[in-house]
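This report concerns only the one structure given below.
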């Protein structure tokens, strides 16, 4: 349906349909974020010998995040007097928008996808890089030293880890022969790429955690060092936008991991294909999210200089070697 | 047109990693610290001035508020000073209760340090694990003294109350449990590669530096100095116990970490022996005059607190209040080396180095 | 400008006020003291009665203890180590006793109510002895019980307990002996640290001359720490010598602070030698109106903050200090709180 719409003539009706669909997707994602935050707090709670939210909305605290968001909406919106006002206001928007835009290309099942573009993977990586601008903008415009340090750290980190991230998926692209996410999933019909591309997967996963700014790579916001990093001066809903961007990226990155390495909506064994693809996707996706949460409650934070060293001296060479290896194996296989 | 500029950064007085109201004025170039200037005094309550108008027993609760993480050693040091001046002999049972309370306090203090230190490095979970065991200790001390943090348990000549029925058995049960948990802590954090990368070789100083800067406690022992007042200048009944002084040679943050952990084990050893030797009955406070008057003169005693040497100086003119009271507060002395350690380090290392000194601001500021 | 002057004026006024207040206080204190001494006499009479009763009880206890001791001597083969230990302990206890006695004597010389004071010390000693004896008896019983249990693994524990017991017994014995001999013999006995003090003084005088020290004594109240009182001019030289001299080697600054004695200021420094495991206290008296003294920072970097603290709270100025500032209260604080004539300065009042 959406493919047809994409190719149809522009008009008021089409605009309306797109708008409504986007709104629905946004609501779905907000719903996910709401419960991802709850899940994070619950999982961390259980790992840390405590309960997590258990008051608002029943014994599982189902409405806790909703209450939190309401509180954020009601909070006073403060802008520091000496801040660069236009940039300060623009930054959260620039940080959030790309996170939402990238989701358009992700195939949740073979039917449920918004835009099936030929260079879906490239599109994802290119757009997600834009968030860095928003983060640096926030750090700069706040006119706060901690925010500035956080912004600089974020820029350095996101750029350094974007490269191994791209390099690590090149193996997958080589094997599939396409950058279309649908085709990548289809190519995993028999065996998932996590088994064929274990090195690529490891590099991708580490780099994606770094991209997500989560522990152990949460240096830009390291609350014990920089208090909150680039969004230290933000409050209320502007602050919520940064948090939202972070969790939407988590959603997107977990989806991408599922699509690239865990076979997307495909069942684990073919005789299990009576279970709908959406369920398979959700299961694999949840597993990835859980691992991300698990990381958060176990690891300490890495150091800034070690982060750079690790990105450039370890991850990048390994990713390059992986490409080389994949190319050789593919050539050898095609010979026989 | 490119140029760089040094920046002045205020870390604190409100900052999550300064554990209170400590302020560091940093001159930084990017993330490299060029110069660090500690500013203290935000928590100065004038304990020493207040004490000049208080009777000796009335001063004890004030000492609770100095090093509020191990208040028992503070309680002890003032009582010990007065007892030394007056030549009071402490009943056996009181001595054992005091030692047990102090050693439990030492374990809980090191646990709190461990939790917050690792939290500063970004690991959130260990804090809660540390607090689980700390809670057990606080419950034990609560049963003993009626308070969880500011115990006010010791008196000149002994302790305020006898241990409640079955308390010693609870301590006995606690010891193996704690040993087990310490193993778990090591599994959780000590071997972690990221953790090691952050603490190994950071904040190094030599034995000579340590002596030059008057460091004491684990901060001194991490340089290979085998020195513990409990062993080398035994006070109370510490000469009866068999325990080691854990030391490390490296003098970096990791070595301080290991020394503190080893000290937990040693404290447990002492507790074990205390429980075995605990006299079944007897008075818990010596016969002391109703109104305590230290004889005219002066005295300085020092004991080993979890943070180092805590000392108490009393100058008395024979009245019921001290003429001058002065505490040698280990955190205050230990913190002096900080500017030297921070020079040329990054902000990430600052957190590790500051955390490893183990300061309690109530004590730094007196 | 005018604001500053105002402040100056205010400060001056505050200082004057403070002085007046201090005078008044002093007078009041003197009065009070005379009153107190009257009241004390009454109190002490009461105390003496109680003490007599305590003494009677103690005698009985001593008897019991003696018996216990005999039993102990008979029952077990005391290994030499234990005996050694006991001896040492006894010596230590005797020392302590001596200290107490000396204290008592000093007090006697000074005060009218000296006899009561002496009694006080005695009674205390007796009470302590009684407690010790009881502890010893109990410890022994425990040890016996353990041995009857006969478990080989208990051996160590038993030993520990035996050692504790021996210590207690020895202490009690020493105390009883002290009581019997009525102290004067012990009084003359010098402190174990006396040789150390003599050595320090000798070495210092050999190298720095005879007139660098004002006084030197053993501070009986403070665990017998050898105490040197340096002269204002020679303080730095003495401390430097204490640190760098081969024989002395006091390499650790444990504590530094000031005291306001109203007639003079005093700086108290506690040094420790890790090489010789010995402490020494160095004191120096300063002129109260203008207390200045050399800083120890060139010798120990660790003297930095304590000296700042002394400057902040007492107003002692340290020459050659790298950064003497008001570390606790801030530069705009008026007055030095630990001075005895300090009056809080408050603009609002």
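Each chain gets a letter, A, B and C, in the order it is written, and its residues are counted from 1.
The rule is short, and it goes like this: a residue touches a chain if its C-beta (ideal position, glycine included) is under 8 Å from a C-beta of that chain, and two chains touch if they have at least 3 such contacts.
This is a predicted model, so every value here is computed, not measured.
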*Where is the C-beta contact count highest, in terms of which two chains?*
B-C
_Need the central chain here, defined by C-alpha centroid distance to the all-chain C-alpha centroid._
B
*Which chain's C-alpha centroid is most distant from that of chain C?*
A
_Inter-chain centre distance, chain A versus chain B - centres from mean C-alpha coordinates, in Å_ = 44
*So, what's the distance in Å between the C-alpha centres of chain C and chain A?*
67
*Counting in whole Å, what is the centre-to-centre distance of chain B and chain C, each centre being its mean C-alpha position?*
23
*Name, in rising order, each residue of chain C that touches chain B in their complex.*
47, 54, 96, 99-100, 103, 107, 120-121, 124, 127-128, 131-132, 134-135, 138-139, 142, 157, 160-161, 163-164, 168, 171, 219-223, 225, 251-255, 257, 259-260, 268, 270, 274, 277, 281, 300-306, 309, 313, 327-330, 337-338
*Under the touch definition given earlier, write down the residues of chain B that touch chain C in their complex.*
40-41, 44, 46, 48-49, 84-85, 87-89, 91-92, 211-215, 225, 227, 232, 240, 242, 273, 276-277, 279-283, 286-287, 289, 295, 297-302, 309, 311, 313, 315, 323-324, 326, 328, 332-333, 335-337, 340, 365-366
*Within their complex, state which residues of chain B touch chain A.*
7, 9, 15-17, 30-31, 118-125, 128-129, 132, 189, 192, 194-195, 197-198, 346-351
*Flag every residue of chain A that touches chain B in the complex, lowest number first.*
44, 47-50, 145-146, 149, 152, 215-216, 218-219, 222-227, 296-306
